[in-house]
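Paired with subunit B in one complex and with subunit C in the other, subunit A is shared by the two complexes that follow.
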Partner chain A sequence: MSSDIFIWPFNLGLYFILIYSVVRSTIWFRNLSRADKLRLQRGFFGMPFMQSIREIFMESLLHRRIFKKNPVLGYMHMSLAFGWFLLIVFGTIEADFFGERHLNPPSHAIFFRWFNPEHGTTGLASLYGHWMDFLLAFILSGLLLAIFKRFIPGMMGMKKTTRHTWTDRIALTSLWLIFPSRLLAESFTCGVHGSGGFLTGNLGAALSSLLPAADIAPYFWWLYSLSLGTFFFLLPVTRYFHIPVELLLIFMRNSGITTADRWSAYTEVQTHACSSCGVCISVCQMSRAAGINDMQSTYFVKGLRNERDIAAITANCLMCGRCDEVCPVGIELGPLRLIERRQGERPATMLSFFDRYGLTRRREHIEREQTQSYSYLAPEKEQPADVLFFAGCMTHLTPSVIVAMKKILDSAGVRYRFMDEQGGVCCGRPLMLAGRDREARELINHNSDIIWKSGAKTLVTSCPICYKVFRESYYLEAQVMHHSEFINLLIEEGSLRLGYLHRRVVYHDPCDLGRGSGIYDEPRAVISYVAELQSVAEERSMSLCCGGSLGNLTLSSEKRAMIAADTARTLTQSAPDELITACPLCKKTFVQATETRVSDIAELVAAALPRPVRKTRSRASLTAVKTATDG
Partner chain B sequence: MKEKRKHVIVAGGGVAGMEAAGSLAEMGIRVTLIEKGEDPGGHLLQWHALFPGRRPAEEVRKYLRKRIAHENINIITRTTVEKIRHHGHEIIADLSGGTEERADAVIVATGFDLFDAHRKEEYGYGIYDNVITSADLEEMFNRKRVVRADGSVPSRIGFIHCVGSRDEKVNNNHCSKVCCVAAVKQAIEVRKLLPQCEVFCFYMDMRMFGPYYEELYRESQEVHNVNYIRGKVSEASVNINNRLVIKVEDTLAGRPLKMELDLMVLMVGMEMSKSGARLAEASGLNTGINRFLESADHHYGSNRSGVAGIFYAGTCTAPMNITDTISHSRAAVEETVRYLGGR
Partner chain C sequence: MSEQKSNRFGFAINRSRAINYDTSDRKVREYVTLREPSFRLCFACGGCTAACTAGQHAPFNLRRMNTCIRRGELDTLREEVTRCMLCGKCLLVCPRGVNTRNVVSATAEALRKLDRNEL
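Now for the complex of A and B:
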């Protein structure tokens, strides 16, 4: 029995990680808000539970999302996760079924071959041995891919892979060693005893004919146990902690817990659920077009986790949302960055290795000092209107959009009031993106006051930036519509008579309208009604950012120009007559970046209006109200 | 055997190209002057009067026309040089018509393009009737009629400086140098032509770099009552009376300002010409971050390209006024002749 002492590194590691995970989860649960606690409790005993189990199976084990994006990468993850899972499950069954006793400690299943070296030479047991060997081979095939990926990322279709810390590297090495050492340990043991499946048996026979297998075997059993133990001990301070934490995240998310606007246990769980896979680096345009490779979400999240000084990373993001869209774990990366931007100055703590095991640490919410006030804004007087048109600051910089919108609204006979014709107050979103929520709130209150007093049923804006904030951060009775939606409505109800323009055009989905607000179909419907719409390489939810984003206040003009040029090139690959967008900022950015004519969707529609402009009454405003109440 | 006469191609028939062609011809060198427009003359063709003395532009045009009326000069118009390549000691210029021209050296004098004011959409050029560029105003001076689109006489005109210059947003960080003094000149001319019309200039800095420029600036204020407001116009719109309303921050007074204008003049800057950029790209000539041609040495080699037999003259290397362009062009000729003699 004294030779069994090698199992202890594994045993200690396993008990450590189990206890640690329970304690950590309990603390996280305790730190949840009362409402979130209730959500989680209710979720645990209801439908969300089944949903979570299903999601864990599909995502954490099979890795369906990664599979869809990249089959090779998906196979790699699946073979390691699902393969290991099966190996544990069937190993436990094997130990329980073929072992001396039932209900063995985990080490008896993991080191089954050591304890039962002569097992499995005949009948069902032999068949089972082949099956166990097959599972091991399955994992090893994935491992081989993982090693390739680390050294030649391009081979796996990954443009970039994440840089790792030294603890990550040790954990990675121990993870890589687990399965080869198991293979060799089992093979040597089988070689001595003439047992084993197709893999361990044959390899064992070959090895034992060349080497003193009986003397060598214990070393590999030690290596196997040590690799497992090391991996378990390092787990909480490395990226591999995402494996257990992701399970918790899935339960929390399915129970209806969301990222609010400040730090919480849920946001902390999210930061630990990041696997540092680097998919966010590959899709980030600052990387692909401007050569910036150290500001992406994976580094942001890692900085959060380890409490580093990440002010520069936090600020340097276009907030375009492409990484949110592809994150295989489903971390809300944009909202996390916004939360960090809302924080005041925070000293970097530089956690030591041991600090990082800390259980009580929590990112405190530090209220940022209010730096400005807009108290000088005088309240506006009441000006009733059915439909309000709010151009927004950016649209005032693209007067052609305003001219076009006026033509369209007049042509359709809409009775509207141009809310900021003589200049208005900012919608507040740029301040919010900069993390200045309280200042933004003053502007929001001011504008809300005007909109409420007008009694308008519909608020039309030409700017997706304003649109998003009107929808999400204002409490309005009026239905908020982007002009592409409103024009689509006018066309559908027959208020607009439009000709057909013989132009081949492409459409660029603005970030805040597409990914930000889910408006993809209305602009396309409008464009297709008046011109020939061609599809482009990356559209809808994977649309590229134009580079002009208000979300980034630190990116240089040169880098922005590089992004704009790259995006414009992608969009105009089919050499269209015109590049159409639905955002004044995108338009302004593209005009500097391409020779192709750039127009707003409103300009395209205005060009299709019959001349001279006819004035007819419409039911536009009424219909808008109807759709609003319909939901 | 008698040595063959030297032949130089001058790409571009503006001020720099015409001066270079004239100087070379005078020295007995055969010149082919290639101009993309109908006639040589470049941007000078549109000018009514020149700063600082407001002399008629025709006087300089006449000088340049005389300069190229020489038997050694062959002028090809409506043609551009698309590519310059080497063939042994010879240089071959591929022309836009598909033909080629062989020579011993080339002087690149492709000049500049005016910044396309449509790209600064917030100023409303091409959208509002009464927004014009400095070049459009010069045309009005030629016709001696400065009026609004509806034919009425403006009672307040605003000049917007630095349109397309010193502006990161349009990828132009450089200063176009001459627009400041051009605005002063045009402001004075407006005041002389329409004594009842108020004139405002909205500027970032007044860069009066040449002789008598500062004096002209002073004269415009003291004698002609031109108003200068330091601040950049952020946007323009039109009110119900079809007058332009501009928003600007008066940075000296430190307050925002709204003003109605009858006519707004955009002082458009200078950019590397499109045809010049095409030529540089095709021929492998270096360009700087400002997209103008980059000379071999900033201080003592501004006419050299760094490629044997190719020399630069005038505003294809940087914005310049006419005086400097002519000097630069003569220096290019000197470099070219030295190169031809040394072979």
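Now for the complex of A and C:
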């Protein structure tokens, strides 16, 4: 039939995108490391497979995570994804059962009404027609919400939506056109033949009474096919490529593949799985408090994908991890940014539109030149201790925390040695955050040497920044504990006797301790033991960053102050007596941002010690430690 | 080293500190100011140097570095800039809100670019 020629834009688009996705996935698979290949193979033929299928259903179709964030936003995504999925599935079944023959090409299911205009006037077939109309109405309701969202983002809990490139906009328009054009095409055809369900049938009847439906119908079938074809052709270079890539990502993640410290096929899959939804913009404090709206993870990932110059974006991030926490696709945004920070200077590239289809393009690792060197550090002599206390650079700027820790440790009779009493060496994490891992390794080696030589069983630190790097990047025999954990242990053991302070306090989760290391309960247990702990608006995994973060390499002090003020305001909404934190950097930042008294958890506990401060139980042991330190 | 040689009979003669603006290299200063505009706010109080972690172990003096950047004394700069641990203590004590960490990074970058004739 010559009039069927309109199906070709759709057909070409569909075969193109299917072949492209398969080839691209195969290339990504080939580029995986040997170990990751094995993981994926094992994951594909084992238990993780069922887990992945379940996740694909829950996340890629139903969009459960977005539902949790905002029900309307969730419904919008679900109606488009799950609705379209059902429309394809039931459309295929319809074409298979009611069509002329079984096993039709996909175009027969998609343009079923065109090929069978008389279909569905009686019995089961008519009921089925109503069902198909219901699915179409379901999608259209989501589409309506999507259009609203574009113009009023606040309606769905989104403060801002992502700025899109022109290719994204064209793809978006073609996506938006698909379903209305299908509705009109089916309606006109049904109107001519008096068939159709409750939607297409009635609309068709109304339209055909006003317009020459038989003449107009083909135009809308053309529009329907063209918008589908355009969408499929643009898919690989737009954000909608996340639809096929996310499936691959879910399989890879469930097979146990992780983001390493370099670019790999897995990181590339992650960058293509980003849907540019902009959820990361809404939660980013640089956006909400400091008015910076172009440095968020969605732009970072887009820059990676399109190989733009993203040096400024890469450096300008607090690395607080809030976006990692909410990303509906589960992309590891923090680690990706760290990988980019580790790269050396990249020659500027300007990708043309067609370059972006490139199948073999990969982001190569560029070794960063070593800028720092710490060969001047002299090895320290051996000083044995059971418990080492490492205050850290930041704690040295808040001496009250050190005084409090000394009081607590003495009062509990802990035999400890103050590792950096005379000013130690940085733990290395600030260098790592700046992408200078090789330099950081020098400092790590220096500190590890001191810790190993001391033979300590426990390493207590007052700074969450040090805590994270001690736990993750040092090879130590000693158990690393944050002081809040250690104080909690002392209380549980019964070696620390404390009074109760009649104060209402709130607790701020430091990023590196909470989201970074998963320590939420210990500080709360300690605080509840000595004072009345009130809950705050955004806590635990969604806790706010104080703004002082060392993760951001370029943020100005004014913007930092804006973030600090905003966070302090949120935390002190209930007008507590005291704002407690467990990080010296947070403390130092908050002090300048709020009228409320700010204390470290150690200071709070020290204030609850019975007075006069009891000397240690074994005075002899303390003297021994003291001589050892002095000597 | 030349200072040590001239240290005779307990007296030392300081090297001349006169700055010749015609010959001093201002490229590094310009680059650093461009990358980190807050650099201009520094009034050389020395708080950063007093708080510095690296400065306790080696001759690393951010305040002196500032002077060197302004005067274009690149040899001293080249040596000092490698010693910073980027720990960020200076950032917190700075009364003028200079992003000192970024000043160090920008200086290192400027020197690298200068070596490659890209500045």
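Simple rule for what comes next: the second predicted complex is superposed on the first by the 614 of 631 C-alpha atoms of A that agree within 3 Å, B and C clash if a C-alpha of one lies under 4 Å from a C-alpha of the other, contacts with A are read in each partner's own complex, and residues count from 1 in each chain.
Keep in mind that, in the parts below, contacts are C-beta pairs under 8 Å (C-beta built on N, C-alpha and C of every residue); 3 or more make two chains touch, one makes a residue touch a chain.
Fair warning: this is a prediction, and the values are worked out from it, not measured in the lab.
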{"item": "When subunit B and subunit C are modelled together on subunit A, clash or fit", "value": "clash"}
{"item": "Partner, of subunit C and subunit B, that touches more residues belonging to subunit A", "value": "C"}
{"item": "Touching partner for A:S400 - first (subunit B), second (subunit C), both, neither", "value": "first"}
{"item": "Partner chain in contact with A:G423 - subunit B first, subunit C second, else both or neither", "value": "both"}
{"item": "Partner chain in contact with A:S557 - subunit B first, subunit C second, else both or neither", "value": "both"}
{"item": "Which of subunit B and subunit C A:L62 touches, first, second, both or neither", "value": "neither"}
{"item": "First, second, both or neither for A:A205, with subunit B first and subunit C second", "value": "neither"}
{"item": "First, second, both or neither for A:V591, with subunit B first and subunit C second", "value": "first"}
{"item": "Touching partner for A:I27 - first (subunit B), second (subunit C), both, neither", "value": "neither"}
{"item": "Partner chain(s) touched by A:A125 [first = subunit B, second = subunit C, both, neither]", "value": "neither"}
{"item": "Clash with subunit B (superposed arrangement) - responsible stretch of subunit C out of 6-14, 24-32 or 42-50", "value": "42-50"}
{"item": "Contact residues common to both interfaces of subunit A (with subunit B and with subunit C)", "value": "396-397, 422-423, 557, 588"}
{"item": "Residues of subunit A defined as touching subunit C within the complex", "value": "369, 371-374, 376-378, 393-394, 396-397, 422-426, 430-431, 434, 436, 443, 548, 550, 553-558, 585, 588"}
{"item": "In the complex with subunit A, residue positions of subunit C that touch it", "value": "36, 38, 51, 53-54, 56-58, 81-89, 91-94, 97-99, 101-102, 105, 108, 112"}
{"item": "Residues of subunit B that touch subunit A when the two form their complex", "value": "118-119, 121-122, 124, 127-128, 168-171, 234-237, 245, 247, 258"}
{"item": "Residue ranges of subunit A touching subunit B (in the complex, touch as defined)", "value": "396-400, 402-403, 421-423, 557, 561, 587-588, 591-592"}
